[in-house]
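First chain written, first letter: the chains are A, B, C and D, and each begins at residue 1.
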Amino acid sequence: MHMERVKVAVAGASGYAGGEVLRLLLAHPFVEIGALTAGSNAGEKLGSLQPHLTPLAERVLEETSVETLAGHDVVVLGLPHGQSGPLAAQLGDLDDGVVVIDCGADFRLTDPADWERFYGSPHAGTWPYGLPELPGQRERLAGAKRVAVPGCYPTVSTLTLAPAVAAGLVQPDVVVVAASGTSGAGKAAKPHLLGSEVMGNVSAYGVGGAHRHTPEITQNLGGLTDGPVRVSFTPLLVPMPRGILATCSAPLAGPVTAEEAYATYVKAYADEPFVHVLPPGQWPQTKSVVGSNAVHLQVTVDEVAGRLVAVGAVDNLAKGTAGAAVQCLNLALGYDETTGLSAVGVAP
Amino acid sequence: MHMERVKVAVAGASGYAGGEVLRLLLAHPFVEIGALTAGSNAGEKLGSLQPHLTPLAERVLEETSVETLAGHDVVVLGLPHGQSGPLAAQLGDLDDGVVVIDCGADFRLTDPADWERFYGSPHAGTWPYGLPELPGQRERLAGAKRVAVPGCYPTVSTLTLAPAVAAGLVQPDVVVVAASGTSGAGKAAKPHLLGSEVMGNVSAYGVGGAHRHTPEITQNLGGLTDGPVRVSFTPLLVPMPRGILATCSAPLAGPVTAEEAYATYVKAYADEPFVHVLPPGQWPQTKSVVGSNAVHLQVTVDEVAGRLVAVGAVDNLAKGTAGAAVQCLNLALGYDETTGLSAVGVAP
Amino acid sequence: MHMERVKVAVAGASGYAGGEVLRLLLAHPFVEIGALTAGSNAGEKLGSLQPHLTPLAERVLEETSVETLAGHDVVVLGLPHGQSGPLAAQLGDLDDGVVVIDCGADFRLTDPADWERFYGSPHAGTWPYGLPELPGQRERLAGAKRVAVPGCYPTVSTLTLAPAVAAGLVQPDVVVVAASGTSGAGKAAKPHLLGSEVMGNVSAYGVGGAHRHTPEITQNLGGLTDGPVRVSFTPLLVPMPRGILATCSAPLAGPVTAEEAYATYVKAYADEPFVHVLPPGQWPQTKSVVGSNAVHLQVTVDEVAGRLVAVGAVDNLAKGTAGAAVQCLNLALGYDETTGLSAVGVAP
Amino acid sequence: MHMERVKVAVAGASGYAGGEVLRLLLAHPFVEIGALTAGSNAGEKLGSLQPHLTPLAERVLEETSVETLAGHDVVVLGLPHGQSGPLAAQLGDLDDGVVVIDCGADFRLTDPADWERFYGSPHAGTWPYGLPELPGQRERLAGAKRVAVPGCYPTVSTLTLAPAVAAGLVQPDVVVVAASGTSGAGKAAKPHLLGSEVMGNVSAYGVGGAHRHTPEITQNLGGLTDGPVRVSFTPLLVPMPRGILATCSAPLAGPVTAEEAYATYVKAYADEPFVHVLPPGQWPQTKSVVGSNAVHLQVTVDEVAGRLVAVGAVDNLAKGTAGAAVQCLNLALGYDETTGLSAVGVAP
């Protein structure tokens, strides 16, 4: 196992994804934190923007550019969608063996048409997809120089449905309703994200297939089955800072008991360090995974409705973004996959 | 229109349903508040249990019994499920013309087998169902002596799906994921309902058809269409005190555009004082209806997934329970249906 | 008592203060809602900005100007501090008998030096102060053409301390720590007010006498006693949308028992329709007053520390702003003071 | 430095203090987790009670008794107040060199009269007080066999005031208003701690010197100055699971500038690994320390009010309880004091 230290730059260090990457890297035994860059916050001290990161409080944010990011072993990008593509192209020109891990959406989708329809700009390309729990994916990530970290909703939705779809327990005509904390919407100040608006409030958005994560979920599940996959995805904004709970269901493909479905899930994730199928009858809650890289799952069969119903929980900023980035960093560099990551949430 | 004053007793005045009934009745111009009764809290002053109801703070709670409830024009029952049946039987023996409005589940279901399977006790019977927005239901409630107030989840789920099901836009094979505030679980102190547990947390419960409201939703939708209805219902507990947001979808029965679906909803509820189909593109949020009897709805069509998706919001304690009780009281006694009720929520 | 209808314009209708004024005016039997004006939101429909105000959803916001506000019986101003002064001057020039009620700070302070130090612009003047519960103040507001609605923190801090200061129970050297919901900070989108930041978080701000409400509290208490008043005021931001709880204490001026202090408070507010001294031993909570014009108070004596300690709760948007505006509107126009206002909060 | 592994038992493993101790011990490189005991939850699996602690999910809780706790190097007690005393006496009889760390109040107070007045039972004795940041206290804890972990409010109140009191900047006549998350009240299900009650709500309790932590704060500050100390302490319950923000003030003893006060604080805590005086002008917020052992502080001088005002933030369950327990375990056993503890909170 690799145990040498590496120097890691973080672009977008003033945002939520960047801040969580830094929180995790501070606990990583083989990482030295290098340049911290930002857009409009460049020039400010990190302490004024991320007051919890006291060991880095005096660090001054630099401009996000290929120059400030050069000279690192790893660059983690926590940028608005569409900004990683051009920057990654420049980093690629350096030809210095740097590992680039993109927390944005730019390199996730394989179909350029999907990208253009949902993101409205030219497709930057496709990188190895940073969900090691998918079949064969861990191997693709080992030693990779480029990694596209999955979206938060696709991470939990895919892992919650994958065993059922892969085993053919269900028709791949799935309904996902996923309730997310507000940090998934980022740190840009918008009126509908004010505390006064979100506290005591639940709302739906991106309804009817309009959310950008829909094609990503479809792509992931499509890799697990033959024939077309259909995904009805509705995200909800709920009054908490972190966490996603995804309620997923699909019509049964044939007779299957709750016990059989459960056994399928237990077997599928038996060797996964971060995916935890709860004991029968215990349903996931987001709080159990807050701050951790854990995924909590449960599944049952509704015989009256003729559907398999599975529920999954992740922390959108951790396993849903920054934790996955560190997990992939470990795989790319040959560290133990769990280095610097916890599977235990901060509860209550 | 009736304008005489009536005397109303409230059983279960120390609970959340009873408290909300009293809050609304205090603003009702034709109601005099009579006996307030409770179970284990009998003997205490209401002010120590419902500190917001200052006009009634010095009232002492009496034991819930046919004797304390006798002599009123109206009795509103806010009791744990299974307790209304026996008490209502005794009230019926009085033969004094009293109007009884039950906020519990005892008289909602028409199928005794459903009742026994989900509630585990003998079926008490079926009363007129207090959802005047259902076709023909307002007429059944006018002058009624007995009313079964609907469950909170069934109220919003039914109203969110009814136009689509009744118009045949969808196959009646629906998926409902409904996020509820914690007051729907009542005021009995249970560890999983502690603030420390629910804040910052979303969880699923009663998954796979196990929740008691499933047969009630099925029954309601079944009255709107021929042939069998299937309901996959998953309730979520979200960190807020009040409000339910129901995300409902079903496979399209044939080609229908989002505009056609929207027009169907607008037409269905054009004359309803409390149901508000939002302008196109604006999706419901629970905060807009908190404290009010309003229902906010929106609908669209997901052509890729082949589903109609509709979202509805109510306050579980108001239109979901106590507001419906007052609305039905108005219908039963001949007052204007909106008397004492607001259609404007307390936001932000 | 006056019972004629009046036409009321609301400037700043897209903000929290304006929205709450409209919510209350919709329930006021003698008010017709006239022009709704805004700054940057002019031209938009109210429904997109205040989705709970469905009866006014189709109303289009006009530019805030003396022209749009002219021709009304009453104009309520819910504008950023410093904007009411110039506008009020223009409205005054109209000489049409209009009643102007300012929810901003512009006309609250009597000392121009205080204004200039804390608000940094020329002093606009001083209007009758809209806290009818202060001695002699109700009389000054009856028939007034101009009213300065108090600040939210000063309202609760003043009412919580006034009986003790006026009766000489304490040395007027007070400490106030007041925890406020986030709506007090307004609807302008700022990063530190994002839901992701405020949920799960308590913070102090304006510490050490830096908050603008400090001189207003000092001014109010100064009117109740001879000699100098000193106020140490610290506001806290707490994770809820509405409500302020003020914890106030001061050194005892001489021997006084808890019972004597309590009796002083009960007597001081015996005739007040909205101020409720709770039963002995019951301490205020903000939830009991949410959405209402009520003030809940309690007081005790800490003999070991030698201090009187009193706690008060209000809804910052209701009695703390918009409720007070309506209460003053009633007084100014000769309606019953409680018209359109509730003393019962929406709980839980 | 000690680096041998020790076996640690946790009594009260189903509660919040015990759960947080276990969360921290799972990350401690030199600890093996031994017996887990409980009261009424004995016999249950830990996974059903602490679903976030998945590595221990299959562990069965044993009865809390000297037999189940015997044979460990360290025993951490997370029991209701009054239960540690008798159990500790029995553990002391074993004479096996065990280190006992009590998270309860039993051994904190030095004055038996204080104990009896506030806790109502015989005084069990006094153990070394687990606040190593107090002068001379770190030395007393090194190698200690018994440690009394401080209360959560006393921890933050003491550390927030200590430099000012010790340096004589203020008269020791302090006012503390401390806002706490709900986990400080424990996991026992009580109606006023339900999520429905605490969300959207702030309340005061134990007002007027009635809270049990008042004498502990007085005792701590008394050790830093000559002459009598007076403490006016008011705790607030705020809607979040974790965290305390203490707003503390006292009359200035003489002329002192904000800069001088700040310099005093910086110097006092210059060598402390967990106490962080924020940059001038930046005020503490609880979220920055959630899940961590950090204490964030700021101080200023209010010249008009003549008071020094200081604000401190801790996580009540971490530095306020379980983090302090682990910090003291490290000192008692000779590990590096920071082993297994983070100074970085989980934000946002």
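FYI, a residue touches a chain if its C-beta (ideal position, glycine included) is under 8 Å from a C-beta of that chain, and two chains touch if they have at least 3 such contacts.
By chain, with names taken from UniProt: A, B, C, D = N-acetyl-gamma-glutamyl-phosphate reductase.
Predicted model only: the values in this text are computed from it and were never measured.
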Overlap of the chain B and chain D neighbour lists contains A, C
What is the graph distance from chain A to chain D, where chains are linked when they touch?
1
Computed over C-alpha atoms, the centroid farthest from that of chain B is that of chain D
List the centre-to-centre spacing of chain A and chain C in whole Å, with centres computed as mean CA coordinates.
45
List the centre-to-centre spacing of chain A and chain B in whole Å, with centres computed as mean CA coordinates.
38
Residues of chain B engaged with two or more neighbouring chains:
16, 181, 183, 196-197, 199-200, 239-242, 285, 287, 290, 348
Once you draw an edge for every pair of touching chains, what topology comes out, line, ring, star, complete or other?
complete
Which positions of chain D touch chain C when the two form their complex?
173, 175, 177, 179, 181, 194, 196-197, 199-205, 207-209, 214, 230-234, 236, 238-243, 245, 247, 249, 258, 283-287, 290, 298, 300-307, 309, 311, 313, 348
Which residues of chain C touch chain B in their complex?
16, 19, 23, 26-27, 45, 47-48, 50-55, 57, 183, 199-200, 241-242, 276, 278-279, 282, 285, 287-292, 294, 296, 342-348
Along chain A, where are the residues that touch chain C in the complex?
16, 181-183, 185, 187, 189-191, 193-200, 239-241
